[in-house]
Structure formats: structure tokens, C-alpha cells
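Shared between the two complexes below is subunit A, which pairs with subunit B and subunit C, respectively.
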Partner chain A sequence: MVEKARSINITATLLLIIGIVYIVGPLYLTLSTASQSYEYMLRNGLAWIPGGELFANMSKVIHETRIPIQMLNSMTVAFSNALATCALSFLSAYAIVYFRIRWAGIVFALILATIMLPLDIRVITTYQVASNIFSPLNAVLDFTGLNSLIADIFGTPVHLELSVLDTRFGLVAPLVAHGTGTFLFRQFFLTLPKDLFKAARMDGAGPIRFLIDILLPLSRTSVASLFVLTFLSGWTQYLWPLVGASTPDMQTAVVGLARLVPDADGQVPDFPMIMAGAVLVSLVPLAMIALLQRYLVQGLVLSEK
Partner chain B sequence: MFSHRWLPLLLVAPLMLLVVLFFYIPVFQAFYWSFFLEQPFGGGSQFVGLENFKRVLSDPEFWMAGWRTIVFMLTASLLAVVVPLMLAIAADRRIALSFPARNILVWPKGVAGASIGVVFAFLFNPFVGLMAPFNTLFPGAWNPGIDGTDAFITLVAAHVWSGIPFNFVILLAGLRSIPHTLTQAAAIDGAGPWRRIFDVQLPLIMPQLFLTFVLEFTESITSVFALIDTITKGGPGGSTTLLVYKIYVDGFSGFDLSGASTQTAILMVFVLLLAACQFFYLGRRINYER
Partner chain C sequence: MVAIGTTIRDASADIELIGVTKTYDAKNVVIPPLSVALRPGEFTVILGPSGCGKSTLLQMIAGLERVSGGKILICDREVQDLEPKHRGCAMVFQNYALYPHMTVAENMAYSLKVAGIPKAERNERVAGVAKMLGLSDLLARKPAQLSGGQRQRVAIGRAIIREPGVLLFDEPLSNLDAQLRHDMRVELADLHRRIGATSVFVTHDQVEAMTLADRILILNKGRVEQFDTPKAIYHHPASVFVAKFIGAPPMNILQVTGDGSVLRLPDGQAVANYSGKGSFQLGIRPEDISVNAGGSIKARIRYREDLGSHEILETEIGCQQLRIATPFGVEIDTTSVLSLTFPRGRLHLFDGETGRAIPEAFGTAATTQSMKEYQ
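Let's look at the complex of A and B:
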């Protein structure tokens, strides 16, 4: 279509320039400040031009802080979050869509409801559950009177205790309890042609065979999209790793980065070192976005439909 | 469809177990504890009826935090939708910058809220940050450490920064799925590109616009925690203590489990009501047909 659109194209270009500067500006200033010395920053404030101290600041972060081991934790948390979310939501969406079960609607609604109340809102009581994952069971035993019965017979009531705080499982599990993945896979399964299923049945494929040989290969891009999405969300979590892990060696890199900033006022903090830490912490997810952008965009769009 | 007695149960069980354990039980417990006086460190509990609610609702701090939450929610989420909307409309045009922009505007998705919080705390630092030269000209013009409004602006700027990718991608996808025939028909009818924004594009991406608002309202209330904790710590003088931060401080620093649970319960009801209102009043007016 050919039409005169000079004024709108100029406006659009200007808008995009502003948008790009808004996004890239802070990232650039982070990088340029990270490449200057502390003394330079004290004299000149934030750095507009990059200097030569980037690797010195980064090695300060690597050798003097716990960021390296925390980045390893972030890697584990993000990776297991992505893997567990993909696997578990794939299986549950499969059961909901491809099995004749009466409770499919209820289960789907129950899983989907988790999207409404994010983990950050219910952190207080999630922490309590994580500090003893058997506490609900204990409460049920107490409440139903079973425990007094058990106490009569065996002498003591049942009281089980297992804390998942400060463990990798505890850092990941509450993140997996989320409905986006199930929703995404369900929507995807519903778009697949019905004849696929009929043909597979006719050829004698059972539920497991259909899942592995037909559904899984077809879902490769959906799985990849969800994987990228949940990996990034696992890496960038803040509040849950902050309370779920109390020892520095168990915390994730984002929490470790926030801890680099001293609490007390007074002396100007070593911002170049902190910015070098911010660069290090954001390197992995940003690289992932650069390489797998197609899947990320697809995942964002799919999770909405 | 397959008929199988126990296989579907087995398939759903792992996720359902996690959802029950880490979602439904915590949600239930927050409501349950709001009727009990809980001692920290498992020191026993005592039924107190509505005492907790009376205590929380008569606390001016709670109302202040609630009010700030609403102000933040309205300003931050409005900006976090309108800014990506304008960018998406711009990037939808066939101009040289639209391809790099589509790539670059997704980057913030990879930067954690807390990381960008640390960066913005530095950029808006009154002594060494962006405003430092301005501050030497007009002493005291910008200081988020003292002025509550400055601190609030910093939070909003950081929130919009990290909210751009999701809303931009969703809105751009909506714009790109508008059929070309409609655009061409409008053009033949004499509607120029400016006119078409309001008469074709905006009405047709209402579903996406509605969705980004619904999600953004909840998002702005909860994800702001990472920003507050890294930029302002709720200060100066509590002027950026939003409800989600107050709950954290009350629960984890003040060990007031009952108070924190009661506020959690109130916040949950607020979030759910908000979503329900949006769905019933706004959602119905939206035309999903194309």
C-alpha cells in the first residue's frame, strides 16, 4: 500500500529512538560505570565513557563476593524451574485434554487460579509451609482427632517435621506451583487436529506411546518457549529466594547482588564494583534472550492466548 | 479420548501436589491465621475472632500503605501499558528502526527487578547519579533519599522499564494480527495513518489491551517489592512503603505473623475483587470478533 505517511513515520521513528534510549541507556551506563575505577566515580559521578577497569572490577566481584557460587545457584534454580515446569505442566495438560475424565474442568480451574495470586503476595504463609512441609498433614491429623487415637495406641501423637528452607528443592518448588505452563500446553493441544488422535488410536497407539511419539515431537517449539520463559523467571526471582534461603551460599545471584549495596548511609558505595556485579548477574539471561528471542516472544504471546 | 482409570490421576498428581502444598495451603493459612493470634517460632496460637482485623484496620500505617499501593498501581500500570502501546504502534509501521526496536525492547525481560533496582538506585543517586550536575546548580532539587515524591518517581521509572517487554510483545502481536484488508478498506475510505490508529488499530486490539491491564494491575502491586527493597527500602520516612513491602517487614522483621497474615488476606481479597470487577464490567464490553 502506497500512501503519504511522512508525519507519522517521523513521529514513530522519534518514539522508537526514545524507547531504545530508555531501555539501553541504563544498561549502557551500568556497563560504562562498571569499567571505571572507584576514584573516577567519586570525582566525576557516573561514567559516560567506558574506561579500562571492567575486568578489574569483575575480578573484584568474583574474588571478594559470593556472586560466583550464587550464580551457580541461580543456574540450578532457573534450570530446574524450567525443566520441572515444562515436564509437570506438559503431563497435566495432557491428562486434562486427552483423557475422558469428569474432573478435568475442576483440575484445570484449580491450576489456573494460581495465576491470580502471585507468590510475592502469599510469601508469609508459603514460608511457614516450607519451614515444615508436613505441617498441613499434622494439622489434619490433629483436627480429625486421628492423632489422639494414635496417641492412645502408640503412646505419642504423630508429628512429622521436614523443612525445605535453605534447600534447592525449597527454592524451586513454590515457583513450579504455577498455572501458566498448563494453560499454554492446553491451548496448544486444543489447536492440534483431532484426526491426529484418531489416526494414532487406529494404529494402536496407547496413551504413553501417543504422548512420546506424537505429542512430544509436535510440541517442541511450545516446550522451548515455555522453557525460556520459566528459565528467565526463575533467574530473576527476588522475594522468594530472599526468604527461602538464609545462608549466602544458598542464595541466588540476584539476591547476592542486592546485598552488595551497603545498608548504612554515609560513604558512597563502590558503585563500579556493584555495577560490574549487575553486568555479571544479567549476562546469562541477556545472552539467552539474544540467542533464543524467537522462543521468548512466542512464549509471551502463547501464554496470553 | 483415552479412557483410563488411574493414568490421568498419576499425570496430574505431581503438579497438583505442588499447587496444593505451595498455593492452596498458604492461601488458606493466611485467611486462617487472620483469626488467630500466632506466636512466632511456633509458640502456639489462640483464637481471637476479628481482633486482628480490628487491629490492622485501625492502624493508620496500614491505610497509608494501602493508599500508596493504589496510587502506585494506577500511575505505574497506566504508564507501563501506555508507553509500550505507543512503542508497539510505532514499531508496527514499516520503518528502518522497527526491526532493531522489536529486538531491543525485549531485553529488560532478562534483567531481574532487583538488578535494575540496584542500577536505578545508582542512576538516581543524588550525589553521583544522572541528577548530580543538576543538583550542583540547584542544591536539593533531587534527592530520593529525603523527598518521598522523588523516591516514588524512581520506583515508577524502574517499574515501567521492566514492564515494557511483556506488554510490548503482546500489544505488537495484537496489532500485527489485524487483517490487512481492514487497513486497506479504511485507507480507501480516506482514513490516513493517524486516523486509523484511533478508528482501526485501537478498537481491534482491545482484547490485548484489556489483558495487559488486568495482568499489569496485579503485577504492579507484587513485583514492586524487588524495586522497593533495592531502591528505597520503603523510605524516606515510609513514603514508599507499599502493602507488599509492609507485609514483608511486619512478618519477617517484626515477627507479627497474625498482622502480616491479616494484611495478606486483605490484599488477596483486593486483588481478586479487582480482577473480578475488570472481567465482569470491562471484559463484557470488549468485542472479541474481528
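Let's look at the complex of A and C:
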């Protein structure tokens, strides 16, 4: 600990104030803009003083835009993303830690590689696959020459097509393929006593019973942490929902917010309404953080380790 | 208590291992073919240095490790390919391996729950076992709220609640402090007498082995060095390995050569009459050596350790180390050279090459009846 001294106190306070202004400033501006009318903004530019139009703006968002249904989409995407990620990571970490698998090390390395190759980098290939989830299979058939063989026999090569673009499944699936959760669970499982699995076997519990009766209750907080983290990241996803869904009714709220800015040149966007929308859209993750802050912190600590 | 149908219901079971082997690959042989028979109700301790394969052997009996070859028979039933739950075994682990999220009662009842025993009966049996182990007041606690000894007791309770025919212990006392270890040892011996299950106990602690075992199985690199009662192992070790492993301080082993009539140390001193020729290893326990003025064997004192009840003298005899434990209350004049006598009946002779004991080398019965029976 640094010694208590007046000069240090003053410096620390100053630094903190700068930090707070830096972080809270934009938030304040969002709120104050959201509470002014469009006309006020047109006349005065940036709204530094809060006004009384917040609820009017919000009701405008709810009644005149697609934000409500898009928030429902966001909810579905974030929730299923969190649920599927938890289930998939939990099971894959279970397999890697508790069973003697031949290539466990390599499998784990491949899973970890997904952390280093985020969706933002793979967005074009992911789009190609999503537009036809059979395209990898088609490519393999073409590449191996099997297709020309099939064409010789049946007259025409195999070409399968199924697009998941503009579906909720298509929005969620690419987000689920992420190694952080597996890594988190693996680290947690390794801290548990090794003999637990053996003890459960001696007690007559098979792998599934061990998973349900012992591993899952023990991992409760880890599951909750991962759920909160992936829910938040699913809610705030921008790039993939922007690419993966093209109709307004299938887009997520964050994408919908960006779309509120009119495309036409010269027109000043209705910033008070957009900001009110941003406040609305932020309410869900905000509530989530407020309620489950404990797990969020634990999750961040776990994934740091 | 009420018997359940899912396990072998005898109070105790006999275990027979026939040519059991464990190999990980061609070069890595943990246990070469091994055959032993454990009698029903017997308390067998598997003793050996770390890495000798004793835990592997135990886990193969339990069904947690697959055998690479051979058969395991429990109650004359081949079990080597069965799941642990079908073998009628229960196990106590070194680090207890209690389920941290369950209470003491839930921990003990878990195997019954898995077996589908109704709740009323589960509670009844938990109460019975808890009473036997003095855990009745702790049933609602979680393992984290218990002391080491209490956790160990819960682990034992969890094992015996199913009334298994075979109880397996994997170094269960090594995580306890010295005093608690002693208490638990006494408790375990008492428990074994009351339950009567065939017990197999793995340890590297010779005191545990000597005090608990009906018979001790000494393993060295996966091979059985000796399988006999603690007394027989102490008094008639079958090999130099056993002789050095049992006893504190361990038996002295001296390199000697036989010229056809006497055994001589490298410096020429005669230590015993023996008709064999060639090189031998002569064993004598520190407490069996008598120090007296009339002794013909001379040794030089290097230093002494006073333990209160007796002294350990570190001496040198023909460039070889020799430890002597003096009897209680005997003061020894430690000038420089001691005169010693090796009582003929207390000498052990081992082959110079193989290290195996040469029975009846000095006319005494160096091999007991039971040793012949089980080798």
C-alpha cells in the first residue's frame, strides 16, 4: 500500500474525476439528448441540459419503430446463445477433462483457436456457409472428385442447398462456436478433486449421473457466470446480426438502432429518439448486470486465470 | 441392517487374483503377472514404496482401472470386466473425495440413492452408520465444515453403508496428522472387527501395515516380495528388500563371504559359522545385536542418537554401516571400539546375487508354515 499523503490523495482524486468524466460523460449526453425534443436539438445542437421529453421519445420508439420486436429478437438470440454456449462448453470440457481421449490435447487446442479467430474475422466465410450450410459438403465432393463420379453415374452432380440467413438459428449458431466457455469449464474442473469421479463410480453412478448429480451442482456459479457473459455479448453483437439478417423483423435491437439513422443525405437524424431507443435497449443488459453482478465478476476472474 | 440386492451380500468375500497384469505399453509394465488369494474377512495391507503399483492393483480390484490380462475373482465370480458397482466393492480415498455440495447424510446415502433404495430406508441406514462412527450430530453439515478426521469418518461411512463384501482403502490416513492417524488406526481396526468385510488397505507406512494387517503383501516394482503375517515378515523377511523395508531403523545388511566354514566381513572378521561358499548378505536387526565386553566382533562408533527410551548407535564395521539399538536403560561406554555379539538365532542370510532369503541357514526355522503355503 502506498502511504497516506495529501499530495497523493489529491492526485488520486483528480485521476478518478477524469476517469469518471470520460466514462460517464457520453452516458450523460445520451440521457440528456434522449430527454429533449427533435426541435430543441435542431435549434441548439448537442443537448447538455436534460429536458422533459424522455417518455415521449421512448413512446415514439415503441410505436413508430421496429425496436420492440427487434428487442424480442435480441432477447431470443442472446438467451439461446447463452444457453447453447453453456451446454456445449460444459459437455466438451467434461469430455476433455474426465475421459481418456486419444487426441484430447489437439482437440482442446483447436477449440482454443476459436478464441484467436473471432467471428469478426471470419464474417465473410461464415456468411458463405450460412447462405448454404451444405456448401462445405459440396466443396468436399467437388474437391475429391466424387461429384464427377456421381455425375457420370446419375447424370448430374450433387449440389445441396439450405440457407439459414434471416433465421434465428442462423443468427445464433455462429456465435455459439466459441472456445471461451470450454476453457473456463476446463479450468474449473481441473480444480476439483480428481477422485470425485472415481468415488461416484464406486457409488454406482455412471458418467451421466455424475454429470447431473455432482458436476453440474458444483459448477453452478461457473455456469451462471458464463451465462451472464455470453448473454451480454450476444445482446451487444453487431457485425454478425447486421450481415446475417436482412429483414427488419429479423434484425436485433442493436442493428435496428443503427438503422434508425436515415439513409437519405442532408436530413438530420432524430437523435433524441435514437438516444431514447439506446436507453431502452440498454435496460435489459443493465438489469442483468445489476441482478447478477456477483456471477459476472466471478466469470471475468475465472476467464482471466 | 437391511440387505440390498444390488451388491454381493455376504458379510465378507474372498478375492483371488490370477495372473493379473497391468501394462500401459510394451515398455511400461506396471504389474507383471501377479497371483494372490485373500481370505474372506481378512485385513490385507498392500505395502510398498511409491510407484510400486500398489494403488494400481487396488484400483484394478475396484474396477477403476482395467486389467491388461488375468482374472480377478470375488466370491468365485469373475469380475475383471464388470463395472465397479457390480463388484460389491467400496472404496475410501486418500483425499476423502466427498461430494462438496452434499451434506454428510447425503454423501453417505448417495450410493443407496443411485441404487434406488427408498428414502425411508436410506435415512434409517444413514442413522445406523452415523451412530457407529460417531457422526450423528454432524449429518446436516457440509464436508467443508468438518475436520480432517471427521471427513475421513464420513468417507468410511459412505463406503460401509452399502455393506460391501470388500472394502478398499487407498492410503486413507496419509492426509491426517500423527495423533489423528494413530486414533483412526485404532478405530479402523475396531471397525474391521465389527464389520468383518474383506479389507484391502494400501499404504507406504510400515507402522500402519504392521498394526492393522492380518497379512501384509509387500510389492516391489509390481512383484510380490512377500505375503505373510506382520510377525512372519518382521522375523523372517523373504528378501533383502523386505528386510530393509520393515523395521525402524531397518535391518542391517552386511556383505559377507563364506569360505566353507565361516562367514567373513571384507576386513576379515568372522561373524558366523556357515558351511556355504561365495558371497552372501547377512542381515541382523539393530535391536538384536548385543553389546558386551566378551563379544568377538569389533565395531567403531561414529555417532550416537539418544531417543530417551533407548539409543541408536551408528557404527562402522569393515567399512560397512551398522546400526545398533541399545536395550532400555543400558548405558554403553562409547569410548571408540565396541565389542559385539550377533546372536546366531537372530541372523538372516540372503543370497548375494538375488537377495532372496536362504531359509534355515543357521539351523532356525527361517521359513514359517504360512510362507510355504502362499508362495
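Everything below uses one rule, namely that the second predicted complex is superposed on the first by the 295 of 305 C-alpha atoms of A that agree within 3 Å, B and C clash if a C-alpha of one lies under 4 Å from a C-alpha of the other, contacts with A are read in each partner's own complex, and residues count from 1 in each chain.
Following the convention adopted for this analysis, contacts are C-beta pairs under 8 Å (C-beta built on N, C-alpha and C of every residue); 3 or more make two chains touch, one makes a residue touch a chain.
As the structure is a computational prediction, the values presented were derived from the model and not from experiment.
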| item | value |
| --- | --- |
| Combined model on subunit A where subunit B meets subunit C, clash or fit | fit |
| Subunit A: partner with more touched residues, subunit B or subunit C | B |
| Touched partner set for A:I96, first subunit B, second subunit C, both or neither | first |
| Partner chain in contact with A:F227 - subunit B first, subunit C second, else both or neither | neither |
| Contacts of A:V301 with subunit B and subunit C, given as first, second, both or neither | first |
| Contacts of A:F183 with subunit B and subunit C, given as first, second, both or neither | neither |
| Partner chain in contact with A:L88 - subunit B first, subunit C second, else both or neither | first |
| Subunit B versus subunit C as contact partner of A:A205, first or second or both or neither | second |
| Distance of closest approach, subunit C and subunit B, by C-alpha atoms in Å | 8 |
| For the subunit C and subunit A complex, residues of the former touching the latter | 6, 59, 62-64, 83-85, 89-91, 93-95, 97-101, 110-111, 114-115, 158-159 |
| Subunit A to subunit B touching residues, read off their complex | 1, 3-5, 7-9, 11-13, 15-17, 19-20, 22-24, 26-27, 29-30, 33, 41-42, 45-46, 88-89, 91-92, 94-96, 98-101, 107, 110-111, 113-114, 116-118, 120-130, 133, 136, 173-174, 176-177, 179, 182, 197, 207, 210, 232, 235-239, 242-243, 254-255, 257-258, 260-261, 263, 265, 268, 271, 274-275, 278, 281-282, 285-286, 288-289, 293, 296-297, 300-301, 304 |
| In the complex with subunit C, residue positions of subunit A that touch it | 193, 195-196, 198-206, 209, 213-214, 217-218 |
| Complex interface listing, subunit B residues touching subunit A | 1-4, 7-9, 11-12, 14-16, 18-19, 21-27, 29-30, 33, 83, 86-87, 89-91, 93, 95-98, 100-101, 103-123, 125, 127-130, 132-133, 145, 161, 164-166, 169-170, 173, 183-184, 187, 192-194, 208, 211, 218-219, 221-223, 225-226, 229-230, 233, 244, 247-248, 251-252, 257, 260-261, 264, 267-268, 271-272, 275 |
